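So the structure is just underneath, and the comments pick up after that.
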């Protein structure tokens, strides 16, 4: 990705306990993004929320539910994000959980790799 | 809200200790959004910040101030968000706290309800 | 900054352990933004991520590495953010760490200062 380029932000609003084949969904998305060479990924944890994936009904009181909202944000060129989304779309559509995925345009002012690994 | 629809992101930058009638402001906004049928809401907590609402002057040193910035982000169709904002605008304008509210366009690629409540 | 004005969001995707002259980079950016009169700043902490600045290789196992992704988001008029970015650009370009900086347009619906400092 070049400096001063038109790019996009692909955001997945999911739940912290959502899983794909015994793997947390947010890890699945981040590892997939890494594998597909997406420029940047950041997962942030919410403290409250609702939406497609956020209604919690726990019928078993021994169950410690720690479901909170998570946002997985990927930044790269629009076409790369669209191609990435196609690789996870079917998985997301067939989950038992709800899901909200948004895409917005953004400019990249600076993208530089670090040459130091501390 | 439909898949592949033009939508918006309404963001409230507030303080964690801001209140409306003894209720935390972020809870007030989330409950109001739920009541008005907004598609998704996520509250994230910042670790540092300043702005309209973030100058802390504590004159009492027995007071444990834990004011941090909060972002309440709502996602839905532009018109629904605009209508929602009108229901809380007066409340926000008349608070003793400062406040920053932004609106940006975003595409919704996927919105699906979960059919499982864990 | 006026209500109902066109504004922007300048976001720095950095690492929590990145430093500028022994100061954490996120604090440097927030203090600089405050000094330059930027309307709002919020720092949020991620729980996972990768990108320009996020590959961790710790060779010393006594070292407790707590590097997580941070997002520093500044909101103000487009021109003010562009001018601010110029004051930190060289610093960011010459760091040993990687860095991702994005800019997106957003509308400001409400910006009001608090008249109460709790």
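As written, the chain order gives the labels A, B and C, with residue 1 at the start of each chain.
Here is the rule we go by: a contact is a pair of C-beta atoms (placed from the backbone, for glycine too) under 8 Å apart; a residue touches a chain by one contact, two chains touch by 3 or more.
The shown structure was predicted, so the numbers you read here are calculated from the model rather than taken from an experiment.
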Relative orientation of copies chain A and chain C, as a Cα rotation angle in degrees, nearest 5: 120
Self-contact between copies chain A and chain B, residue sets same or different by half: different
Chain A and chain B: spacing of chain centres that average the CA atoms, whole Å: 20
Contacts with 2+ other chains: residues of chain A: 44-45, 104
Interface residues, chain A side, partner chain C - complex: 7, 9, 26-27, 30, 33-34, 39-45, 70, 75, 104-118
Of chain C, residues touching chain A in the complex: 10-11, 13, 17, 44-58, 65, 67, 69, 71, 85, 89, 92-93, 95-104
